[in-house]
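Notes for the one structure printed next.
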Amino acid sequence: MSAPPRRKQVVNLTGLLVLLALPPAAFALGEPFLISVATRIVIAALAALSLDLILGFGGMVSFGHAAFLGIGAYVVGILAHHDVESTLIPFLPGAWHGSAAALVQWPLAVLAAALFALLTGALCLRTSGVYFIMVTLAFAQMLYHFFVSLPAYGGHDGINLWQRSMVPGVDLSKDWVFYYVCLFILLAALAVFSRIVNSRFGMVLQGCKQNEARLAALGIATGRYKLAAYTLAGAIAGLAGALTANQTEFVGPSLMHWSRSGEILVMLILGGIGTLYGAVAGAATFLALEEILTSLTEHWMLFLGPILVFVVLFARRGIYGWLVGPESGDD
Amino acid sequence: MTAQLFLEQTLNGLQQGVTLFLLAAGLTLVFGVMHLINLAHGTLYMVGAYVAATVTQISGNFLWGVIAAVAAAGLTGAAIEIIALRRLYDRGHLDQVLATFGVIMFFNELVKVLWGPQALFLSPPAILSGTVEVIPGVPYPAYRLLIIGVGLAVALAVRQLITGTRTGMLIRAGATDREMVGALGVAVNRLFTRVFAIGAMLAGLAGAMAGPLLAIEVGMGEHILILTFVVVIIGGIGSVRGALVGALLVGLVDTYGRAFLPVVLRGVLSPTAADGIGASLSSIAIYVLMAAVLIWRPRGLFQAYG
Amino acid sequence: MIPMRTLVAIAALFGLAVATPLAAAPIKIGMITTLSGAGAGMGVDIRDGFKLAIDQRGGSLGGVPVELIVVDDSQDVENAKEIANRMLKRDEVDIVTGIIWSNLVLAVVPTVTRAGKFYISPNAGPSALAGKNCQPNFFNVAWQNDNLHEGMGQYVTDKGFKKLYILAPNYPGGKDALTGFKRFYKGEIIGEVYTTLGQVDYAAEIANLRAAKPDAAYFFLPGGMGVNFVKQYAQAGLMQEIPLFGTAFSFDEDILRAVGEAALGVVNTGQWAWDLDNPANKVFVKAYREAHGRTPSLYVSQGYEAALLLDSAIAAVKGNLSNSDAFRAALERADFQSVRGAFRFNHNHFPIQNIYAREVVKIGDVVTNRLIGTVFTDHQDAYAAECAM
């Protein structure tokens, strides 16, 4: 995080330019399909970024992160479902028929995910280390099975969205428009997060990772800071979930299956934790590798597996750490 | 509900529990001694099942299949340890998660290449395909009784290994203070490989024993891995006794939940609602159990390592 | 942010685009199906059946060369949706087919039909696509999901069973199955159990079933779940004690290979049987046995017939798929010799056909099914009336 690295700025700037120039390039190449691959990357990066806040900076390894994505996606799916069918939403006070507006759906998705993070976080944070990993997993699995057996919203079959969220004046059904919206959200989240981690709040959070007891001895209520970070991460992951629902135009419980949480975790570690940008690098690498290898061979996992092992053994600080070189030295 | 039914469901729970114990014992030892999170433990279970099916088919004898499965899983485990995992002991858990995730991907695909993507099926040996009336009036599958027997025997053997042998003493010492064991001149590398191979052989045994009950397919390892982690966490990491208690607890809670929750709920709700909600509740019962245990005792029931 | 990798991605995809030049002639068919995991048997059979028909016609359907792109969906909804997107946008297929599971079909069909393309279902026929949401560009050549279960309900009633214990996975397909069964079963249900989807051990459920002492048991557990259940049911010694009934999905050829003699004597329902006496079926069974050395399964016949349907329709429009209305009309006529005998489409694009009863027998060394009777003649699904098409 320290000052000098010029190479880091070059890497970040190049990355930004590539992301910005991708849709026109895809059209020019006659491969507009690339845009939807890139959209998946950007959304996955947002999810991995939210995980980096608690994992990379707070030392909280959540193995249930997909739960927040799932909640965000289901809020969008449920609101859209009632809007299309014009039926009332049960269990809510007042009579509401859902909504197709992004400005209603997305904030509610964020809110719902944040609420779930707040409630489960309060319980999960009683534990730490490996036990924390497993309790977060447990809550995600409970939620997964809850949605699997919720017949009103398709159960295991999920909900099909007939259209993307509506934004006045912006046509999200065009893939490139949706891509830029996702990219804008990702960049905004990156900007906000880099301010947060360098604020007092961020310092306390990083302190918790290194030596929580000492902070507590200084009279800092570390639990509250961690819970706040956990809730914020949940909220952003919820937003990523809302975007995922729009990207795939489908919402189902498989979104919150534990293997999905594992994938987000792998992307982040692959990219490099505790750097924020590593989340983007990891998501891009993982999904691009998957895309390339699947088009080359049916047995792509035979290659991706050893690549992951190799990265762990020889690129210790992840792809991003390798790209920006040793001089940037994040502690 | 009759007493016979309750006893029969208890046997079912025991059988599920001891299968989980075979996996959990290895996982908890590796975790306790080497501080390694090994997501690929389920892979060894899968390897065991596949090898057992193939060798049984070729030799026509299930016993050979089991022996080959245990050997193959042990060798695979030792190879994984020596090639990749050995370099990860002094790394953070996150690196271990990523690397072992890579190992899972590789082996899942390798099995697909070697055996094809379709599931394999294995029948129990003819003498065990019948039933035995252990509970009066309830014919119980003989093969499931065998699993319970094997599981309990292995539990005793592992206990003997840990309390009664030099390796066991080193394992206990390693779980408490790894650096000290090394400093005292023990060849830590060899100890670790041995522990890893023992865990792998138990996983292979579990896979071979489960083969005749279940479809042998790619991904079977991950399905049971999560349950195994639940067991290890409930029992307390590094504690073999905890693994046994946790495994039996998970097996019984899961079985009782599936068997009796819908029946109990029918007393309160309409039959359709009871069946649906009962099915959902029973599928999350073990996660509720784990969350409850951890909120009550944040380091599991038998804490052996922090 | 990682320029290098993204560039590699672009380069690779670009390279791929160059490598496959745009040859205008062949019709592209995308097949999304399950080729891995416990459900792989079904996907493999549907693919092989489909390919058999293409091979019999020298690599073409309706006189037009066909390029078949087969991709494994690994039984994952989002995966399937992603594959469909890729097939439509990158490979520009004209027709999509192959999916086994209802939930995958429900997710993929809107994507396909919105792109103006056709989806031919060789398997999944969810009620949601048969009733008021029926789709002009969706055709199912196999069955509506409830059909075979309805047949079994009728059969069990006809045979005088009065107390049934029924069991299915806890997901919409499982609930539909039991609903279909109950629509025609007139006796009492003394136990109705929903298991976790993907469950592998059924010891607890089987113990409860035995304790409930029903006349007979009926179950629907597709794929590997069914194999596990039947094996464990037999191991518990229940086959002789409590007769087990299921649909052909649970006692098809590939499942019988795994279950073996444990299933002898079980009666199941299907829209087809390998010993149905008609010329088209004889040609089909013989050709498949020559190619694969075993008797075709129900799924093989479904994949085969999906290709036969396309063969007839492509020939009728002389390979010109650009006029969707003409192609749709040609599909609706279903002008081909079906291996199951009489077959025609209802107005909701689901079949009107017979449902047969089959019994598991041993012929020589092989455990297989034998046709024993017809349960329904010209049966149609319960949802067609709601379809406005």
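All chains are identified by letter, namely A, B and C, in their written order; residue positions are counted from 1 within each chain.
One rule holds in what follows: a contact is a pair of C-beta atoms (placed from the backbone, for glycine too) under 8 Å apart; a residue touches a chain by one contact, two chains touch by 3 or more.
Computed from a predicted model, the values in this text were never measured in an experiment.
Once the contact rule is applied, which chains count as partners of both chain A and chain B?
C
Which chain maximises the distance between its CA centroid and that of chain B?
For chain B, the chain whose C-alpha mean is farthest off is C.
Report the inter-chain centroid distance for chain A and chain B in whole angstrom, where each centroid is the mean of the CA atoms.
32
Could you grab the centroid distance between chain A and chain C? Build each centroid from C-alpha atoms only and quote it in angstrom.
The computed centroid separation for chain A versus chain C comes out at 36 Å.
Can you list the chain B residues in contact with two or more other chains?
112, 276, 279-280, 283, in rising order.
Residue numbers in chain A touching 2 or more other chains?
Those would be 145, 148-149, 151.
Using the touch rule from the top of the page, what residues of chain C touch 2 or more other chains?
72, 170, 196
So in the complex, the part of chain B that touches chain C is made up of which residues?
Residues 1-2, 4-5, 8-9, 12-13, 15-16, 112, 117-119, 121, 123-124, 129-131, 138-141, 143-144, 212-215, 217-220, 223, 255, 258-259, 262-263, 271-272, 275-276, 279-280, 282-283.
If you look only at chain C, which of its residues touch chain A in the complex?
1-10, 12-14, 16-17, 72, 76-78, 81-82, 85-86, 89-90, 102-103, 106-107, 110-111, 170-173, 175, 196-197
Quick check: in the complex, which residue numbers of chain B touch chain A?
It is residues 31, 37, 84, 87-88, 91, 93-95, 97-99, 101-110, 112-113, 222, 226, 229-230, 233, 237, 276-277, 279-280, 283-284, 287-288, 290-291, 294-295, 298-300, 306 of chain B that touch chain A.
Residue numbers of chain C touching chain B in their complex, please.
That would be residues 35-38, 40-41, 44, 72, 170, 192-196, 198, 200-201, 203-205, 207-208, 210-211, 224, 227-228, 231-232, 235-237, 257-260 of chain C.
Enumerate the contact residues on chain A facing chain C in the complex.
For chain A paired with chain C, touching residues are 11-12, 14-19, 22, 25-26, 29-34, 36-38, 145, 148-149, 151, 154-158, 160, 162, 248-250, 252, 254-255, 277, 280-281, 284-285, 288-289, 291-292, 295-296, 298, 319-320, 323.
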